[in-house]
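Just below sit the structures, each encoded as structure tokens.
What follows is chain A paired twice: with chain B in the first complex and chain C in the second.
Let's turn to the complex of A and B:
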């Protein structure tokens, strides 16, 4: 089977129990979607623009990573995700940024621009 | 049980977030009516917005289902040996009562 794009298949995949991997990814997807809505709304309400908007995203993403590691992974992200901490913190950052920008512009227009 | 508490917490703090949004909208309308320029939001609205966002995020994280251990060893530890180390045994043909077609034909012809 060819893998034309994306990451190469994980050679250690046989060491992991696939249904639990899928379950964890589903929960993480849910949490990240809600996070984008919440952070974008907060940024829009506060009226952040330009670089402060991106800075707020970086700060809130770091807060989300810390909360996840402490309350969901019990300080052991390697037990719950195949690539460990990298999968929690780095992999979804750009996708979350796009949803964050969506909610940011929506709330900013709603609160600050409505004349 | 903690999932339900998380959902309730997230719902309540979402209401606070909406309240802070409406507060900023009202404040901007007030500034426009008084003809002052918008310098910075009052600190209580900023604090309410940030705190409610944080509590909503916390409630969402709590309300998601707990993560499950993905290592194969933890799953194998819950299974008995009969569940993962089985193979079909030898196939036997020496049943108790032997009924074959040849035997039936012999009995009928006699």
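Let's turn to the complex of A and C:
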């Protein structure tokens, strides 16, 4: 069976309660979508360019990950996600980057390029 | 450099709005086209479950007593031999060894149709919008990218504008279209909920060029007849030893209450004497060896 995210299927998968796993993943996707919009808009308005733009993305992504792990996962991301910390931090990074770039460009153009 | 706000009002925002709306439209059309998720067929499920049953019997056979195991083994081996569980029963013995033709198997045909429908609904709007943008919004820059790119991208991103000196960061409307294409996935996730058919699908995009009609089956359809034969062979050679066979003896020996009778009468134990741990282990091992020898003789 194809695994779209590319992760090797976890052998402990049967130990996880599937509806909860799905719910957690949905919440994570929602959080990430909002995060991409907000962070991108902030970067655009601030006028960050080149490397500082990407740096801002990395910084805010790490902040989000830390906040999630500390306040929502109670320091145990393995209890909430099948692949634990990696799924929380690494997996959505590229998708988030694309949305971030979109909003960053849009707001940057709106604020700085047009009268 | 500042841009005319008319560009913003009449190009930037309309392109974004159009893409969002087309995405929503595409999502709803896909929902209408695909309808209810297909119910899996009983025979197909039975095939795969029968194979799993054979494997399970092999793995956990030691949990059931010998007579139950041999009965199940005989029944399954017979069923595999005769092909009773097969989906297209009766076509096996003289069939050529080619894998089932994708055109003739109706289930796979439907699977392929679904895939092609999805690809079509993804590609047609993209082509249309690209054509529309190229026609109407050609020849001017729309926005500045906040990050630098190599000069090689100039021809791609500044398609209509032919100046040589402008930065690559000033891009035309087509590249704004691409930005939107990739970035609106999360917006669709927010608007349309999770399982939306509107975001760009990375896997589908990367596999698109080669796959379209010809390659049909992404993986070889397993030939269940061969699998059943292999499973039958494996079953027939599986040894069986019931885990609970002489469990009473072992339990008693473990707690040192068992009276051990040895054949050579070298050491006599009185009935309630406490044995050392080494003696207990030796005793239980000899007990097991003795009972195994009894079984073999029978």
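Definition applied: the second predicted complex is superposed on the first by the 107 of 115 C-alpha atoms of A that agree within 3 Å, B and C clash if a C-alpha of one lies under 4 Å from a C-alpha of the other, contacts with A are read in each partner's own complex, and residues count from 1 in each chain.
Criterion: a residue touches a chain if its C-beta (ideal position, glycine included) is under 8 Å from a C-beta of that chain, and two chains touch if they have at least 3 such contacts.
All of these numbers come straight from a predicted model, not from anything done at the bench.
On the superposed chain A, the positions of chain B and chain C stay apart, so the two partners fit side by side. After superposing the two complexes on chain A, the angle subtended at the C-alpha centre of chain A by the centres of chain B and chain C comes to 80 degrees, rounded to the nearest 10. Looking at the shared chain after the overlay, A:50 reaches chain C, while chain B stays out of its contact range. Shared-chain residue A:34: touches chain B and chain C both. Once the two complexes are overlaid on the shared chain, A:16 sits against chain B while remaining clear of chain C. By the touch criterion defined above, A:62 reaches neither chain B nor chain C.
When the two structures are aligned on the shared chain, A:114 is found in touch with chain B and with chain C. Once the two complexes are laid over each other on the shared chain, residue contacts for A:98 go to chain C alone; chain B is not touched. Taking every C-alpha atom of chain B against every C-alpha atom of chain C, the smallest gap after superposition is 11 Å. Note: residues 30, 34, 110, 114 of chain A belong to the chain B contact set and to the chain C contact set alike, using the contact criterion stated above. Those residues of chain A lying in contact with chain B across their complex are 14-17, 20-21, 23-24, 27, 30-31, 34-35, 38-39, 41-42, 45-47, 60, 63-64, 67-68, 71-73, 79-82, 107, 110-112, 114. Interface of chain B with chain A (complex): residues 10, 17, 20-21, 24-25, 28, 41, 46, 49-50, 53-54, 56-58, 60-62, 64-72, 74-75. Against chain A, the residues of chain C that register as touching in their complex are 1-5, 7-8, 12, 16, 142-148, 179-180, 182-187, 189-190, 194, 203, 218.
Those residues of chain A whose C-beta lies close enough to touch chain C in the complex are 2, 4, 26, 29-30, 32-34, 36-37, 43-44, 48-50, 53-54, 95-96, 98-106, 108-110, 113-115.
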